[in-house]
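There are structures below to look over.
The following pair of complexes shares a single chain, chain A, combined with chain B in the former and chain C in the latter.
Right after this comes the complex of A and B.
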């Protein structure tokens, strides 16, 4: 099939810098999706190319390469629906824009409800989604069975499927390919990407942040953006910024191959688990993050047992498959379960964090908006509600029910 | 982390407990009253290492425990009744 050659043929080269410049307009800490997307959009939309991205490990080695690659906009509050819908549409155009194959597939995503309370939540979600530009519709059990023939409508006798919401534009894409597409586009336009360069501190001039300290020496910068996942509170503490963020591990696993063509992404917000099929045919399963914060990236037996139990109630065929590979990532979860992006209150220091378990789908729009904020000094309307000072203004964006993970 | 040693009930599976959050106080370096309120309500220390936190033995003795845990490896250090 042509897919294999297309996959390698469209792997665009990344230009790695030989040495660092004496100063940069913008230094981005964190070479994950959000850091690279911000660099790409600074270069392509704002004409700012004197940019460095510093990655402690290799690019996309953190949560960008560890998530379950689901792209959706079926959130519960208007601010989030508008933002994620914009991001979802940017994903649909990303292959055309960058020329890189990211294996984007629109599959639809189904959120199952097992109680009357959950049915009310999903009905409200559908209304809120369609009112704000996302396509989400209620489906009856019979319609769900047609969409997903493998589904056990009795939920193993314990979690009966009363109905569900169908977010028809839900999609998946290869996560590392997305990071490489942005890294390539940014580096070809002059952005320097440094791997294996952990940032150990921030350079201060009075109250202002003027660069970062690394093991390889300092990087001077006009603006520093923390696009760090997981260890973000450690990073912002260097500037005295205290965040409403906790770090929780989230686990996932893939099984051996199942017959190709398991189409929609299936999730249950009540059971807090979700499954999709990778382009190789493996079943990719994730669930809620650990209750207790931790920086451990070790897969836990407790999580695998709990995820397997829940997902096999809904899709009994999964019992015949084996767990092939497991991993975990450490998620930055904000106090109101919405992302935090924009100013920090410290001059020259911006943050994009709180991406917890919903960061992958936000990579295009998050980077585009942060690039505009850096270039103009004004937060675009799409992300203005997500500023850190919302906690001080009592304008929190509580949307835990849309995380699908706790 | 699979087990927690409840001082009242003995060694029990973690599923029986619910996490109650870190036990912390607002740092003395924050002096402004509003800032102290903000810190108390919203901020997490989120340390990479030793932390003191509360756990509720929901499916056991239904008492609150104070647990010291190393978040770097997700291992309990000790449990204080």
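Right after this comes the complex of A and C.
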């Protein structure tokens, strides 16, 4: 009797379309987490199933399958905290809702402070988080040592730990399984997901966008949503929309698998690096995006050396772990580090972008809100502050408290 | 001698320690070969290839898990511990801090080489390429894993990261040749995880090393020079007992008849697949692939049963289950079944998975892109030779330490946070005299015929009307009209100015000023004196008296500045005030800082002089309502949002940010930074500010004023209409005009 592993056995089936319909109510460009979640929520919450998702490569092949899978809401400004807390709570219910095993684990996140200024930032974070419904509390070095026995409180003699904030509901989930859960739920309800279908242009009727052009021919659409990750500015340029977004590479790496034994997730804003143990047992280490904008997904040794150096100052036990795999993704970073969701100023053309390095944690709430916006024509309160026109209104959402470790 | 392992570790040459047991080895042995000679099979079972291609011989070696024992040279005293038979290795326990406290990971040596041609692989194709390159006069480096040079990855540059027996080697090569050869195909069949299976080449190596294979049975292409009973047909099953193989079952392709052949060792000659991980990793890096690594090889027959990926335990049934659920291409199948995601990165299983897909679709999928690492390194090996983030120290660093300062990093500088008693430091400023080390301030000297024109364009305030010997507070705006920095413009002569900037903003401001002047093509010389000048702030009602004692008879009035010798140290004396009291900033050559500081401390001893740290300074400035750019401001802070519209002269025809300010002035704008007062102790900085049950803003600065006897707060309101009364920390707070202290500024001018 052939035994199927639990990992594979718990996958939900994805339906692929046999052919293309003559037109769709909604065409979503980008089969990553946000595109698939929007399709899923259109189908499940808004009753809109005549939807196509067009993915240039395979689903979740971009940042959805390259991020470091952290789910958190410990932002610095009320608008962001409320949005991400809602998303965090949606993640907590996602397995029940979809029936998919996304390997969600609540393990808490600790952000370490090495200077008085960093302590000031973390204290502010805790106050603003708790005032907006997120559970984040200051911890003393002794409490941190109890929480993370592996922590070197001297920071390798260089980055002393003065304290830290503990975001107790911080969690992780398996990234591609989240995308697959939404792909399964959407496709089973009638959404058509086309892989290997890059969009090459937009169809226009006067000022209005009425579909997309692909190598396989045009897709007519009532509404087009760009849910592209990386190269989003190239996508919106088809509609003449300039975004205040730059695309930067971000690197991450994992070690081999070890028995579960490291919790919570540990991050340092000053060192701009963080580590968690995956459901497989790997130690997953990420850091800040490259300062130089680029579309390259090549791994960089400078990044690997720097991340390894920094994280081993704090957690010396990592020194002797062997690195299994390194990779890079490209991140759309907006001018104020906050996402851009909603109208673009071009009729029929919407955008969800600027997710920077933190789009994964926003997948449920971002998709739910975009689906509501598409269905009703009105941005839900949760995402209204993140509209593109905030830059024109000089009313940006600079979240400097969270700008360090994303 | 009861503790044998201790004896061996003490230096019994020629023995490894395997799970606490001494194991002899011969020169040239790998750990795996030495173990096999003793009848110990490394790893948890499965085919042994002795070529570094799979993950079947992993063990923990000298504390590092997931080490391929076949690629590790045996060494006396080397400690080898098997991975647990079930489950995963444990995370290592924390090492003592002392072992890691060195800021540089010096214990791992990093060597560097630049060569014309780097050749990966020392087999016949590699050596041939080396010979060709050498004949044409080029320098060549051959990196052969068998000789201990394991190529971890190829990066842009191009640069090869290599682990050698001596440490790490970074090779900068002008040309890269990948000659890594081919890897032998592992069997996929029930029982393929038993011990006692070896590839044909591994059998040859073991024979050459004098390792007995017992009763060996050869399946497929037989090994050369190894006595083995041939078993014809394809292996469909391995039978065994207690984890060790006892027989191989083969099937005849034509008749379908099964034959069971008893064996101690099954030798598998199942063909090869190109060892092309590095070639697939290079991406944008140009390289050539030669020899077997470049050759298309026939794929193995599609597997029908058993474990496909030994690292992850993925079975053929897993592939089927995932495929049936829609994961119908290599990338999706890999992620959904976890095949190819283990230590060997598909080395043992990729050709099987491709073959399996080809059987379903009729098309052979291209292999996936490989990512570093090909051969694994530890984080310590990756971090070796890392650059340390350097923090700046002022020339007075040791003085602060000697005075008992608690140092903290601020704006990338080590600075005194306090000297033990911040409240006493505060009172010294308010009632006596105090010194502050402000050497960290940015200091630019700008001069030249176009300097006034340049500064008029850079700054939103007027510059031309500043008289020599006078100064003016100025904001530095970006093109969006947002506040980047602030500081002073001090005029020295018609064509020469000194500009000061905040400690954290100095580096950026210097680039900003230079870039714009160059862009405009103006004739201005910019000299950055941030590091060459120290600066001491002498402040307090007795500051004038102290400076008289130090030799400054003619004292500049408020916002004036003079050059004078202070305690015999040539100084640029600037009469400013950030603390709210009379203040003289003494800019002087850094090599005289200690002398000047000590002289002032001595001269002021009977005045009760004491230095103040940042903590007291933040309180002092807060009483004055002075903004600290970066702490109080945000990314989009316009001057009017922080009540500094007076520092912007819109009647000027052009300055950076003017067009944006003109536009945003017309927008509905309700963000304001302002002062509040409340009873009791100061709320925590960062506290939300509430009104009518809603968060309307946040606290950016707070201080329990010893002098005013109440809590002072600076913070934002972001809702209209602006409330007069708000709630902070559960208490009522009232909007208050700033400065809270000495609003007319009599004391600063005194």
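Criterion: the second predicted complex is superposed on the first by the 391 of 406 C-alpha atoms of A that agree within 3 Å, B and C clash if a C-alpha of one lies under 4 Å from a C-alpha of the other, contacts with A are read in each partner's own complex, and residues count from 1 in each chain.
The rule we apply is simple: contacts are C-beta pairs under 8 Å (C-beta built on N, C-alpha and C of every residue); 3 or more make two chains touch, one makes a residue touch a chain.
Please read these numbers as outputs of a predicted model, since none were measured by experiment.
Undergrad: Touch check for A:247: first (chain B), second (chain C), both, or neither?
TA: The answer is first: A:247 touches chain B but not chain C.
Undergrad: Taking the superposition as given, does A:321 touch the first partner, chain B, the second, chain C, both, or neither?
TA: second
Undergrad: Which of the two partners, first being chain B and second being chain C, lies in contact with A:296: first, second, both, or neither?
TA: A:296 sits against chain B and chain C alike.
Undergrad: Have a look and say if chain B or chain C is in touch with more residues of chain A.
TA: The partner making contact with more of chain A's residues is C.
Undergrad: Kindly classify A:233 by the partners it touches after superposition: chain B alone (first), chain C alone (second), both, or neither?
TA: first
Undergrad: Quick one: classify A:261 as touching chain B (first), chain C (second), both or neither.
TA: After superposition on chain A, A:261 lies in contact with chain C alone.
Undergrad: Just chain B (first), just chain C (second), both, or neither: which does A:213 touch?
TA: A:213 contacts neither chain B nor chain C.
Undergrad: Contact-wise, after the overlay, does A:311 reach chain B, chain C, both or neither (first, second, both, neither)?
TA: The answer is second: A:311 touches chain C but not chain B.
Undergrad: Should A:176 be classified as contacting the first partner (chain B), the second (chain C), both, or neither?
TA: second
Undergrad: Does chain B (first) or chain C (second) touch A:95, or do both, or does neither?
TA: Neither partner.
Undergrad: Name the residues of chain A shared by its contacts with chain B and its contacts with chain C.
TA: Dual-contact residues (chain A): 296, 298, 300-301.
Undergrad: Where on chain A is chain C touching in the complex?
TA: 2-5, 7-9, 11-16, 57-61, 65, 78, 114-117, 120-121, 123-125, 127-128, 131-132, 149-150, 152, 154, 156-158, 176, 180, 184, 187, 195, 255-259, 261-262, 281, 283, 285, 296-301, 304-306, 308-309, 311-313, 316-327, 336, 393-396, 398, 400
Undergrad: What does chain A use to touch chain B in their complex?
TA: That would be residues 231, 233-234, 242-247, 249, 290-296, 298, 300-302, 335, 391-392 of chain A.
Undergrad: Which bits of chain C are touching chain A when the two form their complex?
TA: 63-67, 87-95, 97, 99-103, 105, 153, 155-156, 159, 161, 283-284, 305, 313-318, 320-322, 324-329, 331-332, 335-338, 343, 345, 371-373, 376-380, 382-388, 408-410, 417, 480, 614-615, 631, 634-636, 638, 660, 664, 667-669, 671, 684-688, 695, 698
Undergrad: Can you name the residues of chain B that touch chain A in the complex?
TA: Those in contact with chain A are residues 1-2, 14-15, 18-19, 22, 38-39, 42-46, 48, 51, 53, 69, 71-74.
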